[in-house]
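Letters are used for the chains, namely A, B, C and D, taken in the order the chains are written, and counting of residues starts over at 1 for each.
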Amino acid sequence: MIGLFDRYAPLGAREALVRELENCGVDVVVGRECGGTSDREVVALVGSVSDEARSLLARSPHVARLYRVSGPWVRTARAFRSTRTVVRIGDASIGAGEPFVIAGPCSVESPGQIEECARIVVDAGAQALRGGAHKPRTHPYAFQGLGREGLRLLKRAGDSVGLPVVSEIMDASHARSFVHEGIDCLQIGARNMQNFTLLKAVAPTGLPVLLKRGISGTVEEWLCAAEYLAAHGCERVILCERGIRTYETALRNTLDLAVVPLLRRLTHLPVLVDPSHAVGRRDLVGPASRGAIAVGADGLVLEMHPRPEEARSDGPQALLPSELAACVAEANLLARVLPELEVPAPEGEAGLAARSMPRTDGPVLAG
Amino acid sequence: MIGLFDRYAPLGAREALVRELENCGVDVVVGRECGGTSDREVVALVGSVSDEARSLLARSPHVARLYRVSGPWVRTARAFRSTRTVVRIGDASIGAGEPFVIAGPCSVESPGQIEECARIVVDAGAQALRGGAHKPRTHPYAFQGLGREGLRLLKRAGDSVGLPVVSEIMDASHARSFVHEGIDCLQIGARNMQNFTLLKAVAPTGLPVLLKRGISGTVEEWLCAAEYLAAHGCERVILCERGIRTYETALRNTLDLAVVPLLRRLTHLPVLVDPSHAVGRRDLVGPASRGAIAVGADGLVLEMHPRPEEARSDGPQALLPSELAACVAEANLLARVLPELEVPAPEGEAGLAARSMPRTDGPVLAG
Amino acid sequence: MIGLFDRYAPLGAREALVRELENCGVDVVVGRECGGTSDREVVALVGSVSDEARSLLARSPHVARLYRVSGPWVRTARAFRSTRTVVRIGDASIGAGEPFVIAGPCSVESPGQIEECARIVVDAGAQALRGGAHKPRTHPYAFQGLGREGLRLLKRAGDSVGLPVVSEIMDASHARSFVHEGIDCLQIGARNMQNFTLLKAVAPTGLPVLLKRGISGTVEEWLCAAEYLAAHGCERVILCERGIRTYETALRNTLDLAVVPLLRRLTHLPVLVDPSHAVGRRDLVGPASRGAIAVGADGLVLEMHPRPEEARSDGPQALLPSELAACVAEANLLARVLPELEVPAPEGEAGLAARSMPRTDGPVLAG
Amino acid sequence: MIGLFDRYAPLGAREALVRELENCGVDVVVGRECGGTSDREVVALVGSVSDEARSLLARSPHVARLYRVSGPWVRTARAFRSTRTVVRIGDASIGAGEPFVIAGPCSVESPGQIEECARIVVDAGAQALRGGAHKPRTHPYAFQGLGREGLRLLKRAGDSVGLPVVSEIMDASHARSFVHEGIDCLQIGARNMQNFTLLKAVAPTGLPVLLKRGISGTVEEWLCAAEYLAAHGCERVILCERGIRTYETALRNTLDLAVVPLLRRLTHLPVLVDPSHAVGRRDLVGPASRGAIAVGADGLVLEMHPRPEEARSDGPQALLPSELAACVAEANLLARVLPELEVPAPEGEAGLAARSMPRTDGPVLAG
């Protein structure tokens, strides 16, 4: 349950309410409702909430509005902020209207390769460079990435073209080296979405986190993973749909595009789509990218390679330079011509007097 | 394996080759390669193909080009025609560039309801009216539809606004009554995609068939079901993606939009998308519809109701009249502004002299 | 909701209650609670049940016990009978303690083949002979079975060794010919579990029906399909688990053995397991059969072939004669040594005075 | 590819062959074929194997037998050892014939609780005590376990009844504290099956590892995870099936029992089954346990609690003390009466002269 303090509620009254709630044995989160013109405080109850606490919140004269959240996530719930979160990486922003494209090779392979990629990526009009240095490989004897040296090469290549860089972190003990090498955004891969140790370790770095959906992650689990990050201090979380595992084997994974507008109802966090891992073959990445922007994604994560047949991993899904440029251009075109997706504001927002408890963010889960 | 006869191959030589192939014990299909300006014959081998037959076809001087097909479907394979199939229903065409929208209520409930729906559907700019008369219901004691009377009401409502009508057929013995009532297009529902008895019964009616993907239908099974229709005389098949069953329960089904561009590589048949059954809730049908057109669907199947809360089935996913109109408008907008999706022609098409066997329609299955 | 009439309730009072309930607009089913020594009537409400009807039933002095059922199935719910249903086919009984084994080839291929199979099956100690005459084949150009001639050969082979015969029916219009040829039990295949037309057509034949679980059938859908049969007059339904479709491709399907004891809590119908289609390879059929009996299955459906490499369909999963005999022997051994599985009786059964509404058959679904 | 050296091959010749193979650029593993009476060396090629290396191995006069392995796992492949691996934990052995039962509460909650559990577990006849100290919880605000203090309590409780203890490790940095506290076996949970960082960290501890199958882990991924452990020095790996995620929601997960006999063909490692997490409800754990032993599992992992309704996590699936004792007794009974499952030895084993390359471990994957 989330309550929005009245804008005239005195500090003392707010603090008193929080103490009372804590005395009921519930955990309380106080946040700044920082969207729009307002600048009010939000008080949210997390974990199992007693009737007593619920009632305290509902009866307080200092709480202007109350929201019931539909799942066990709170800080990441849509009702926790009045506007969608915008995450800055480098000079560009995710969630601010323009599609944000992160592109690059699956793996950093050599200085020459990553520098060539960086130039292609910036020329195509993308906003960030990606490249794997630590690779999670199913097969123990497969190429596992260049490690820290890969991070260094990636950052240098990004700098040379003026792009921020994104790379996957697999090991909690590496957080410091990612920061030290100047990586601009940490990626949590699909296999690690529920690696809670890792989530807790990356949150305090202060870097934005690109959180991929697990290979068979549910929407609830995914938002809970984001909540782990938020609860440990990371508010700059970007969700990334990358296809889920289903019975269908015609493509590498099943791209779940309908989840994008669903997430816009459930959370204030921005959402990207990675069509490359979803479809697993070059010729379908373009159409899937169009679909992603059309359903409301805030951008794309795309794999590319100057010579896919030479790639050390995931070559079949890597876009050629010209295909990457076409993808970015189409994404920008689509975003320009499409009327903005209407996502209804959390119910009851309009009538400020009300103190009902609207079900704000959809029917997924009982509150 | 599909062979394209040389345009100057004499009739006698063509017939002789077919006889020779049949003498090898393989089943042979001869089709007209009717797309574009050419007007040549195609010879295709179906079922298990012996090396002897394969070699006969490959060595014939009258065969200008050879294609290996990637699955057990032949008449529906992309290489079987040089252009995509256009299916006419009423005055409009599916697959001709403009999005084709089939809209209507889940069930025909009463004369007044279906007539009101028909006016809303035509005003929204849709091309056909749908409505269920025989309803496949999981629960034996749920409303099962108005039956033949429902078909009659549907047709009358369609006529009153000048729209062709589409309705689901569940029973082979009903084929005649669907024809008699003037239903313009037969729908095979998801539960019946592999009801081979039904497929064989509807094919000879001469009506176009809207073939929904099974609840957990693979691409291969789906195209094989279309091939059943084609093999029994129905060439006017329209495929319809409607979401598949996966582990994720946040939405009713998982909408598999990436399958749309995949199908454009595997088959010449047009493809629609039904976002209503996929997402199961009204507020996500609009974004999902955008996504469908963006990935290359030839149109949409949409459920609507003037008063969804009164619907006898599937109310939560029914669009309101204004939402339906917005969906159609956005689909048309998208189709206009998007550059046409490039789907590479079957390989080798250009070089007419070649007699290699390109893998024409993608890597799904071994030929 | 199911109510058990008091054994001394006069006929007039029982009929009056049923009328009153029907006047509330609910559909009422009256059954004979025929298990055990009791011989009382059961009254069950089906479809959507109003509070008024619920209350009528709960307050009646003639109703000794009330059960809330956990799903939309009623006639097949465990609370509808006090004992498990025993289905007789030929001289043997399914659900009576001894494992019931139905074995035979995937397809009837020739008189010699099916007669040879019949002898092997009877020698192995199985209770019934199976064989497909109408084959549901994914690929339109694959062998589709011998049709009616196959039924005739199957029956003759069964007669020659004194075994009843089981065969799959795919087409509602064939029901009469199955009866005419003397088929002892009709199989509804996995692809047809929700072919409601077919379910309604086979129910009135009076023959027992072996209802396979759908390829991605949920427990709820499966029991509803059984309820369709029961609602149309067929009480001799046998459920058959045959593996479900999941992401895992290491085996043909994923055998869901835990569903067997779950079904014993939800329904009074007997349950068989078909390990052959589940695992798809001969060497694992034996261990899977052991598992099936151990979790409480009432028997097995096994595919065999004297020379699997010559089988026209599904050869890789067909057992050799000696393997079939070993499977049957192990099933019998297991059934003998294992203590009977304790399945708690529907709650409240013991205390006859109570009129509470225990949740009788598990937590799957809200009543 | 795996080659078995001739027992009379001189050391120098063996070393020379390995050097030659390494010069071809392949990675070579040399193992001791320690099963049975023989004591010969095995040479295995890992990663991508060139034709040159393959041919070197095949033509060597010192290699008595050659096996093609069916997947990318080598050290864990069945052909790598002539007998199944037996893993000792405490005084008992997994894989030696007797069912090995690991039982205990989901979480260590207090000194009193875990000591009470330990007594119940030893009285029931189980061989090891389990209890979670670090809990992977989907919800960030749920109870996360007692941490290191929990490990200490667990070990003390195990000692007090003479049982070895098993606990889940989630964090690579904890490996040392698990060793220090005397934990006898490390569990890798389902969410961490592909946490390669963790796998690499636990392998060098020298402790046996209980490797649970991932929530949607394929057989290939699972064996590759085991191979990661083996490649980093841990040969005492125990696999544990615990149900997979599928479309079916009637039970918590879908227990994949057929995977047990499949694994016996693919690997020499022992396999346990955890029915508690698979079915998620107490009343089905017993039948599922029977099934597990019947299909050939080497034992069980069972959750129990003296008062399940008070459990801090997973209470609904915890067995009562008497139920636990019954489970263990039934497992022992079954193991005694069932004829040993016949798992055919890797093909060609018998004929020592042959140098063909039999496909030893099943059709899952191309070699």
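Rule of thumb we're sticking to: a contact is a pair of C-beta atoms (placed from the backbone, for glycine too) under 8 Å apart; a residue touches a chain by one contact, two chains touch by 3 or more.
Keep in mind it's a predicted model, so treat the numbers as computed, not measured.
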Task: Tell me which chain's centre, taken as the mean of its C-alpha atoms, is farthest from subunit D.
output: B
Task: Return the chain pair with more inter-chain C-beta contacts, choosing between A-C and A-D.
output: A-D
Statement: The distance between the C-alpha centres of subunit A and subunit D, rounded to whole Å, is 35
For subunit A paired with subunit C, centre-to-centre distance based on mean C-alpha positions, whole Å: 47
Field: Overlap residues in subunit D, where contacts from two or more other chains coincide
entry: 216, 220, 245-247, 249
Statement: Given the complex, residues on subunit B that touch subunit C span 27, 46-47, 72, 136-142, 170-173, 191-192, 194-197, 215-216, 220-221, 224, 227-228, 231, 245
Statement: The subunit B residues in contact with subunit A across the complex are 216, 218-220, 244, 246-251, 254-262, 265, 275, 278-279, 281, 283-284, 286-288, 290-296, 330, 333-334, 337-339, 341-342, 344, 363-364
- prompt: Tell me, which parts of subunit A touch subunit C in their complex?
  reply: 216, 245-247, 249
